[in-house]
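Input: structures, listed below.
Each of the two complexes below includes subunit A, the first together with subunit B, the second together with subunit C.
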Partner chain A sequence: MKSIAVETIESDQWLTRNELLKQAGAQLLALTAFRGNRLEIHWLLPDGNVTAGALNWNGSGFPSLSPYLPEVAWDEREIHDLFGYVPKGHPDLRPLIRTPRWPAGFYPLNDDSRLRPIWVDMEPDNPAKTVEGDGVTIMKVGPTHAGVIESGHFVFSIMGENILHLDLHLFQNHRGVEKSLEGLSTEEVPPLVTRICGADTVSHQTNWAMAVEQLAGHQAPETRCWERIVLLESERVLSHLNDLAQIPAGVGFQVAHQRALAMKEQWQRGLLTLFGHRLLFDTVRPGWSAKGDSDSFLALVRAMMRDWHPWRSMVEGHHGFHDRMNGVGLVRRDDAERFGAVGVAARATGLAFDARTLMPLYQNVSVKPVTGGAGDVAARFKVRLQEVEDSWRILQAALDHLREASDGPPWTPPQDLAGETVSYSESPHGLNVHVVALEEGRIRRYHVRPATFRNWPLVALATAGNAVGDFPLINKSFELCYSCSDR
Partner chain B sequence: MHRQAKSLQLRHLDAGSCNGCEQELTALTSRYYDMQQFGLDLVASPRHADALVVTGPVTDTMKEPLRKTWNAVPRPKRLVAFGDCAAGCGVFQEAYASHGGVAAAFEAPDLVIPGCPPQPADVLKQIRRLQTGDEKPSAPNP
Partner chain C sequence: MLWGVQIVGVVLAIGLAPFFMGIAQTVKARRQGRRGPSVLQGYWVLAKTWHKETTAPEFSSWIFRLAPSMSLAALILIVASIPWSGSVPSVWPHNLLVVFFLLALERFWVGLAGMDSAGTFGGLGASRVTTLGTGIEPAMLAAFGLLWALSGHTDIQPLAPELARRSLGALPWGLAALSYVFVLLAEAGRIPVDNPDTHLELTMMHEATVLEYSGRFLAQSQIAVAVKFTAVIALGWVWLGPQLASPWANLGLRLIELSVSSAALGWVESRFVKLRYFQLPAYLAMAAGVGMLALYLVVSGGLN
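Now for the complex of A and B:
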């Protein structure tokens, strides 16, 4: 059994060690709390190796990293909310997930009990951070919205049409996923992990499968790897087609919206025929992945391209559309770096990070991160355009390999699997990380750090300084799912 | 040519869904399903709605917004539980911040559309039952 080695770090070294890793260009995978006053931090080094450090303490709290590594500000707030550990020196310890309805002393992840709390009969709203002054108006939006989107509450401080500050109040979709996974056996985990998020589901399923296989020291046969690449890339196309349909909708470009939505539907119908599910739920688990017929799939990709190319020419040639996207919702490259941005949002600022370039699963695939440049809505749109075509190229190669590859012997994880590991993949929204601890074949701790969680603070940053009417467009250009992040 | 007797305006509310149901509900607006040809549409305000379509197992944080949104829908109105989570048979029913579906958290829905997520063609068929009156009548409001 192969756990990842975790080095214990003294509390006076905690900050320096992590700051040095950040400066060396390492990517934060996850900051994970455990019962018994313990934190673990996992970093992905530029050479693809993972390094892990742990901090133990006595008493009420641990030294906060947030003043120096702002990207963990939300992680530490989450730990404060769910474990009751206090990050000492944190600049903004308002509740992130907790609401005034949570009973005092209820720290679900720091407790073996599986009982539901007795909720306090109060409104769920937390205090907002707003701008004060003459002429400033506070505009609250949500948690319910005018369209078919997930729930989230946004508090805007505006002056006239201009947004001065956006305070995000998310986590309305917090179900308690990590706690629900605790105590489950390896066979019971997949249906839940599949449904953490409907948009990045294959990535979540693959992370779980890889974590178990790593712990068991099982090397997935080549066929399995190609099958998973096919599923992950199919999901990327699906999610990007969705986002590419929604961005034009944000500026009322209905023709582009409807044609992209139709392509998405065509793709989903193909996935249903090939894999039995329109969103690829329940297609990957330890030792197994769903397999579609290569020839039918290649025919589907070719059919998609016939609609794709004229659509791409239309949207790229539409000056009015580009005028609406250019310069809107800017994320500066140094901010993206500082906040540990991932996925399309990071690449659109010019950061060349794509986890596929480091994933062992993709070692036989050439992936070149698509970098976009300006960091605005237009750049995020363009990065997705190119990534869809790259995914189709990868799919064609993977399907060719699959035609010849033969299935390895069936494998199921051992019943008494134990240990701790971290697994990651590049979901359509970016770096998606799972930290898994097993004991006698059952989950002791399961921490999910999806790409959207890391990128949400950037949405707030990108929104300030824009017209309030552009917020839907800016939000759609990130198209971060709430459910992953809220769990 | 079909004849459309009644229109039905839907308001969607996400109460802790994984975003799968949202995607399939959105698919109904594409040209493949074109829900508007049946007099169905998704509206921006509960005040304009004939039915409230709820997705997700009803998280604690969305319990109060759900009640308020329902109260804002004018009578006569219908409550729809969309997908397995809302129907009370999803995988996160027992999670600590979930109330286990629309019926357990709030009140019995007039129409339950099972599936994880339900497929759009089936949703269209099920929702149209509300137009033809082929579902149990909504309980009168107190």
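Now for the complex of A and C:
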């Protein structure tokens, strides 16, 4: 059993230690609360090692990190809502997930009883942060939207056609995934983990598989690794094709939109034939992953590239399209750093962080983080264009390797697995982290920190100062998932 | 005879308006690699909307209920002012300034409807539609100014014979036509000014003003959109296109021109993306500028 070593930190050291790690260029993996007044924080060091620190306290609360590390502001609000622990000194402790319908004192993750609470009968409205003054209008959009869009409530403070401030109210569909996972055995976990999110599902499944294999001290055979790389990259292509299709839709570029959707459809039909699922659900489990026929997959990749290149030339050569994207929805590089941005949104500001460069799974693959651009919509579009092509290159290499890779004997995780570990992967939206604690083969605590959760505050940041009519474009250039943030 | 052709023309133009829109939509779908719905889809949508429940927001007034009929009525009058037979029966309204103010009246009621729907998007749309109007009007005046400069009056009469008589050549005609296409795209709410196919509330202009409508009110505003599309195209052909001597042939020519123009507009729309909202004044200033240039070429007499 290989648990991760967790160092206990005194509360007066909590802030300094974490600030120093941030300054040293470490990437925050997760801030996780446990029952019994305990917090754990996991950092990914630039050399690929993970360091974990724990904080225990007596009394009502713990010292908040948010004033110094704004990236954990939402994490601490979530802990406050679900555990009832108070982050002392937090600048904005409005409810994040909690609604006034939850009875007072109901903290789902700090409660063993599993009793259903009695909902309070009242309007589920949380206070919004708005700008006040003459000529300022408050415009509320959602949570129900026109079109197939998940539930999110956006409160804009606008003046004429200018957005002054955007307050996000997500977590409209909190499903209690982390709570539901508690007490499940290792066989019962995969169907649930698969369904955390439809866009990053392979990444979530792989995280669970890697966590179990780490805890059991099992080294996945070569074949398994290449199969998982194939699945992860297939998912990246799928998600990026979707995002690349949605961005033109934001400016009425219907030709680029529909043609990209057609490519995505072709890709999904291929995935259905190869792996049995259009979104790659249930394709990775501890000790197992879905296998597709390499030859037909290679043929699919080549067919896709034939459609891809004309499409890419069309969008890259369209002056009006670029005019709409340039300088819109700007994220400055130091803001991206400060808020711990991950994935495409971070790389588009020039931050060269791609978790694949540190993941042991990818040690035999050369991944160069695609960076570049000014951090605007155009940069995020360009980064995705390049990443799709890189993924096809990786896919072709991985499929070649799969032909001669050696497979190990079948392996199933032991029934009495125990311990605690953290696993991470680069999902299409960025760094995706799972903190898993097992006891006698059952889940004691399962914390999911998806990339989109980390990036949502950046959407609000990038939106302020832009025109109202540009918001859909900005939002689509992040194309963040609600489902894995809400969980 | 003239009366008969004119009445048939008005009825056909209004009746076929959803069909002309359907042609544009079909061309757009083909350019996107889709088969697209039938060109008659507009009629099915109208039939569906007409039979749905008609509701009004709680805080809206009689303005909300009156607005769809008022804007539709203004547009029908415009269609009636168009000389479908080549020349207009004498007692029929056929003054360009009347058309001009009818367009403004239609916009006025659309804006009122948006504001009276008491929603955020309605107000946003009303603000955008009226702001755009202040740019469209000078651009349209500049384009129509050519007509006035050549004929000395503001009757809607075919311009082409005048152009031919003065043998001005293609330049003023081309500039005037270009200017009118810019104005037409803005007035009919097409890309690159407005996107009629979007579901994104925050980017809408005309659509945002009718978001709260349903049932028969919505159907009326859908008919109005189609009629406006048809009317502004037909208006362009009347003063810039060729005229035939026989009234019936002239009407037939107009209908063919409408079908071809609808297809061409669908193609043009597929080439462009929607402009930034804050760039629209520049777009309309360009439209006005091109129209003024055509006008200048004629008025300065340099070409006479």
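Couple of notes before you dig in:
Assume the second predicted complex is superposed on the first by the 486 of 487 C-alpha atoms of A that agree within 3 Å, B and C clash if a C-alpha of one lies under 4 Å from a C-alpha of the other, contacts with A are read in each partner's own complex, and residues count from 1 in each chain.
Rule of thumb we're sticking to: a contact is a pair of C-beta atoms (placed from the backbone, for glycine too) under 8 Å apart; a residue touches a chain by one contact, two chains touch by 3 or more.
Note that the structure is a prediction, hence the values are computed from the model and not measured.
In the superposed model, A:Ala262 lies in contact with both subunit B and subunit C.
In the superposition on chain A, A:Thr137 makes contact with subunit C only, while subunit B stays out of contact range. In the overlay built on the shared chain, the residue A:Phe321 is in contact with subunit C alone; subunit B does not reach it.
By the touch criterion defined above, A:Asp470 lies against subunit C but remains apart from subunit B after alignment on the C-alpha atoms of chain A. By the touch criterion defined above, A:Ser151 lies against subunit B but remains apart from subunit C after alignment on the C-alpha atoms of chain A.
Judged by the touch definition given at the top, the superposed model places A:Ser485 against neither subunit B nor subunit C.
By the document's definition of touching, of the two partners only subunit B reaches A:Arg101; subunit C does not. By the touch criterion defined above, A:Ser289 lies against neither subunit B nor subunit C after alignment on the C-alpha atoms of chain A.
Touch criterion met: A:Gln254 reaches subunit C, while subunit B stays clear of it. Ranked by how many residues of subunit A each touches, subunit B and subunit C are led by B. When the two complexes are laid over each other on chain A, subunit A has residues 146-147, 258, 262 in contact with both subunit B and subunit C. Put simply, subunit C touches subunit A in their complex at residues 28, 31-34, 120, 123-124, 127-128, 191-192, 195, 197-203, 270, 272-278. Here subunit A touches subunit B in the complex through residues 99, 101, 108, 114-117, 119, 123-124, 143-144, 146-151, 171-177, 179-180, 191-192, 195-199, 201, 242, 258, 261-262, 264-265, 268, 272, 278-279, 281, 481-483, going by the rule given at the top.
Interface residues of subunit B facing subunit A in the complex, by the touch rule stated above, are 12-27, 29-32, 42, 44-45, 56-57, 59-62, 64-65, 69, 90-92, 94-98, 116-117, 119.
Within the complex formed with subunit C, the residues of subunit A that make contact are 137, 139-141, 146-147, 160-161, 248, 250-255, 257-259, 262, 318, 320-321, 323-324, 467-472.
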